[in-house]
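Okay, so chain A shows up in both of these, paired with chain B first and chain C after.
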Partner chain A sequence: MRRAHLLGLGFMAPALLIVCLFFLAPVIMTAVFSFTNMSSGTGISGGAYEVTEKTVRRLPEHGFPEAKAEMLAQDVYRIDPAGLTALGAGYGKALADEVGKSLSGKTFNGRRDLERALKKMKARPRSIREIKVAADLFKRSVLNTRYETEDAFVAAITDLDLKLDTSERALLSKVAYTGWTWTTENYELIATLPSTLRAAANTLTYVGFTLAFNVGFGLFLALATFYLPGAQAATFRAIWILPRILPPVIYIMMWKWLTWDTGFISSFLSNFDVTPRNWMLHSDINAWVSIVLINGFVGASLGMILFSSALRAIPSSMLYASEVDGASRLQQIWYIILPQLRWPILFTTAYQTLSLLTSFDYIYLSTDGGPGSSTEVWALYTFHTALNNYGGALQYGLGAALALVLVVIGIAASLVYLRLFNFDKLVAKPRIEQ
Partner chain B sequence: MTSNFKTWPVTLLLAVLSLPIVIMFAYLIVDTVTDTTAGSLIPDRFTLEHWRFLFEPPQTGRADIWAVTLNTFLFAGSTSLIVVSVSVTSGYALSRLNMPFRKFFLGGVLTLHAFPTVTLIIAIFLMLQMTGLYNTLIGVILVKTALELPFGIWIMKGFYDTVPWEIEMAGIADGADRFTVWRKLVLPQVHPGLAALGLFSFLSAWSEFILPQVLAPDGASQVLSTYMQNLIKDDRAPDFNLFKSVGLFYALPVMTIYLIFNQKLMNIYGGGTKG
Partner chain C sequence: MRIALENFTKTFGDTAVIENMNLEIASGEMLALLGPSGCGKSTTLFAVCGIHRMDGGRLLFGDKDVTSVPSQNRNVGVVFQNYALYPHMNIYENIAFPLKIRKDNKKTIDEKVQEIAELVHIPELLDRKPIQLSGGQQQRVALARALVREPDVLLLDEPLANLDAKLRLEMRSEIRRIQQKTGITAILVTHDQVEAMSMCDRIAIMDKGQIVQLSTPKDMYENPASEFVAGFMGNPPISFLDGTVDENDLRLANSSQSLPLSSNISLPNDGETLRLGIRPEHFQPNYPAKLSGKISFIETQGREVLYDVTLENGDVLRSIQSSGMPHAIGELVTWGIDPDKTLAFAANGSRL
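Entry: the complex of A and B
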């Protein structure tokens, strides 16, 4: 390898390292997580095996015999050699022998029965408390006991003597496992859940309207400020740059102040006998208009900047020539300017389609998908599912699958754009060969 | 150009359309130093009490604003520093140096724009938890840097592209190697670009909300954006005058930087990453 190659790769090394750690690794991990049922319930490291009341209730739903499930929940006490040995070590051989002789192999449901039997023993411990402790030595229930490995769990289950067949035992292990497991369920859920369909439809509405507003209004701003005298143009440019430079939290706070039921619009309209209401969340339409305007103002500033610089690049001689030929402003815009803005417009549209598809911070801060979930777009739905869920467990696995859909769309779109915007010109070969 | 059209209808239309922003912004500033009776639109009393949060926490249990501000400075400053120092070499390599996989790297940088926060944040959240960087400022800085990097590299490549080849060729002809040429001849040419990129990444990190919110939600590593959102979300008593004062305090550095470096930043804002 030549020296210049080494220099180039050395110059790239820090960037490559960071990109590998924080882009490639997360994308691969997202793909991996999307095939798991990982959630805040299962935890992110491995799990254990545990039968809880909830497991017992859920077992019959999976086709586990109900009677056997109930037996799992019971406190079972059985007099077996292991218990007798423990008893002998704790309370003397006499008691162990006596219990072994009279009760060996017997099973008691509940501790009380066993205590009663123990009290009849001659060598019984003195205090009631000690009898309770002694009885616990024979406890053979798996309820609420954690087993770190499947083998230990199966051994404990076998010990219960429930007469399970192989498939029933496998089912029990599967349901009792508290950690995450591999599954393709997430993708089935995405295909079947009505809420994903709704999120997809919302995303289309959002991207469509906001994009139209961004490009249309951005173009209008650029053209208007282009033709207005200097000072006026500068003022309007300064005003319209504000939505873009203000931090999102403040920008949304200002919108909330404007639209809340004690806010500016309500106060202003109360002079005209309009009942105060929350203009952002009053109805679905209100929410949608707010979302499109909030995002649209930000996007229109970007459009304005891009289009303004493209406008300045048009040779002014063309504009003068058209005026000499008697073109009106509208004709000038339509026949001279717009054809030359074709590429900037196409670029802005392409770029913003992708960034709108995946952006959700303004929606999260303003309506948070509400009212109901009428403005919950795909990206926000993903975020809610995996990281910000009021109602219950955070479903990392399902969220990762939802995010992966966006990754796939993003890669596909960028490949199209690279083709569209003449990628080969960008990678012109370096001119110094060394 | 001659003015063969009336400007006032356009001005009027623009003025009407700009009204929401003007109103929001004017009240953002006015409301921080005045009180308004409920239901009225005109402030009726001058007061400085909304700025009391500078000296004591606005509600019990809230962090001290200066500690939060320091965090935000650390967050934005480190992010900006790392982004600039990594982009300055990578941008040059991509713009000028022959190396294996060059085309692949360039395409990669462009494609990485397609991975916005939401697609990565779930995995990053879990990775930070596994590595113990969850809830630390360092974790958020690293993640923000990584997300900002493709953009920074791309911008720096653009600045290097404008440096004339003749400068470098002259350096080579005089016997310098590529590294010396870069350090002594090319680097001084892109100083304005470095400054602009530094400012831009600083502002971007300063405004960032989602990453700190998800990756470092707890008190000690709070930044101004999460501090303010917590204040707003806690709706026991929505006090917009307070929100606006904190907001103005939070936005001041942004607006100052913008006012001073307007022209420098304009180049970059054109290619920015926000919706």
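Entry: the complex of A and C
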């Protein structure tokens, strides 16, 4: 390899590293996670085996015999040799012998019964507390007990003497496992959950309207400032770039001040006997209008700048020519200017589609998907599912699957756009001849 | 259609580019606005087509005052220096554009486009895009687009400036042919005096926002009103000799040589300075009033040869002669001037 090539690679290295670290690796990890059922319940490391009330409830759903499930739930104490040996070691041989003689082989449901029986023993411990501890030595239930390995769990189950066959035991192990497992369940959920459908519809609304506003308003601003005298045009452009340089949090805060039920709009309208309300969250329509405007005012400036520079690239003689050819302002815009802005318009549309598809920052800061989930777009839905929600039950696996869908759509759209733009052509030659 | 500018004034900011200009162009006439860059000729053209608003005065098309009529409604055809074809439309659509805007019906548009394409000799190019055309072809398209809706006035803004030399010659006669065939009133803006002389009926030569002289090409060449006009017209250019009047002679500055002055010059007083303009064709070996000098530069032009002759005081005279008499650089020559063909100018540049 030539030195120049190595040098080139050297210059590229930081970029490659960043791409790997912040794009490729997360995407791969997301893909991996999306095939698990990880959640804040399972944790992301391994799990243990534990039968809880919930396990007992769920077992029959998986085809486990109901009677046996109920037996699992019982708090059973049995006087058996193992328990007696332990009792002898802890409280003396006398007590162990006494208990073994009078109660051997007996079963108690619940600790209270056993305690009562133990209290009748002559060699019983003095304190009630110690009796309780002694009674626990005979506990033969798996309920709410964690077993770190499957072997220990199976041993404990076997000990219960539920007369389980192999398949029932395997099923029980599976349901009692608290860690994460591999599954394709997430994708089935995505296909069937009504909330995903809702998020998809919201995303379409969001991208569609915001894009239309961004491009349309950007174009309007560019055209309007194009026909204004220089100084005025520069002032207007500067004003329209302001939202972009404002810190997003502050920008949203201002919107909230504007729209709160004690905010500017409400206070102002109260002069006209309009009931104060939260103009951002009062209804779905309010929320959507707010979101489109919040995003649009920021996004329009990008289009405005791109379109303005493209407009200036049109030779003025061409505009003069159209004027003496008889074209009015509108005809000039329609027949001469817009056709020549085709590429910047397409580019802005493509670029903004991609960025809007995954962006939820302004929505998160302003409505957080509300009211209800009426403005919860796919990206925000993913964020809520996997990383941040009110209940605190975070579903990493499902979230990863949701994110992966977005990644796939994004990459597909990028490829389509690259194809559409015919990238070689774009970087080749200016389209406007001088 | 007759065009008249009355007391036309145009200012940009605080600078008055043109003040109180008067110009009348007869119907069917082709007039050149000739002048160096910055003299206001393009500004005048843009005012006539309505792209620039006039800051004072009136503009008449025929008897109609169009001063405040927007350019869309003036019915003028303009050919721009860079042709200003619409790159996203093909040639047919470019030519049809003014008619489409006027909402003519499809059939009329088609007929007119075909007709004008024939006139400018481009019927086979109608499907192409402007970018696929050569400069000369684009020029023809621009001309066709300007003429297709039969405008009252045709305005040409440096139409030949972007063409190479051979095409320029060809298009010069083409534009004149089309103008004469259509009988349209036309204004040609150019800084090239050859273009102006060869294409136009009359020339208005402009300097610093004023029309310095308005005349036919021949008259302007032979009878320039000022030193500026004399210097501007003619290729190769006229050369000037400075001197003082001594009876009926001109005593050359810093020199022992003198020249007889023509009797048809109204002579100033003795001792006053005077500038004599001598065109290269009037400084020839066999002319009477002899001057001696050294050939300092030779430019072969094929049929003719241009000599620069440096006089003893450092002034340079040009002489154009048919090639055949070989002279060499450094050769001392004594050639003559025809006193009656010289042009005399006062110190302020005005013709005497």
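The rule is simple: the second predicted complex is superposed on the first by the 374 of 434 C-alpha atoms of A that agree within 3 Å, B and C clash if a C-alpha of one lies under 4 Å from a C-alpha of the other, contacts with A are read in each partner's own complex, and residues count from 1 in each chain.
One rule holds in what follows: a residue touches a chain if its C-beta (ideal position, glycine included) is under 8 Å from a C-beta of that chain, and two chains touch if they have at least 3 such contacts.
Small disclaimer: the values here were computed from a predicted structure and weren't measured.
By the touch criterion stated above, A:67 is placed in contact with neither chain B nor chain C.
Once the two complexes are overlaid on the shared chain, A:386 sits against chain B while remaining clear of chain C.
In the superposed model, A:321 makes contact with chain C only, not with chain B.
By the touch criterion stated above, A:191 is placed in contact with neither chain B nor chain C. Of the two partner chains, chain C is the only one touched by A:335; chain B is not.
Comparing the two complexes, residues 320, 323, 328, 431-434 of chain A contact chain B in one case and chain C in the other. Within the complex formed with chain C, the residues of chain A that make contact are 315, 317-318, 320-328, 331, 335-336, 339-340, 342, 431-434. On the side of chain C, the complex with chain A involves touching residues 46, 49-51, 70-74, 76-78, 80-82, 84-89, 97-98, 101-102, 130-131, 145, 149. Residues 1-2, 4-5, 7, 10-11, 13-14, 18, 20-25, 27-28, 38-41, 85-87, 89-90, 92-94, 96-100, 102-103, 105-108, 110-127, 129-130, 142-143, 145-147, 149-150, 153, 165, 168-169, 172, 177-179, 203, 206-207, 209-210, 214, 225, 228-229, 232, 238, 240, 243-244, 247, 250-251, 254-255, 258, 266, 269-270, 272-275 of chain B are the ones touching chain A in the complex. Residue ranges of chain A in contact with chain B, taken from their complex: 1-5, 7-9, 11-12, 14-15, 18-19, 21-23, 25-27, 29-30, 33, 38, 44-45, 210, 221, 224, 227-229, 232, 236, 239-250, 253-258, 260, 262, 264, 267-268, 270, 293, 295, 297-299, 302, 305-306, 309, 316, 319-320, 323, 328-329, 352, 354-356, 358-362, 364-365, 379, 382-383, 386-388, 396, 399-400, 403-404, 406-407, 410-411, 413-415, 417-418, 423, 426-427, 429-434.
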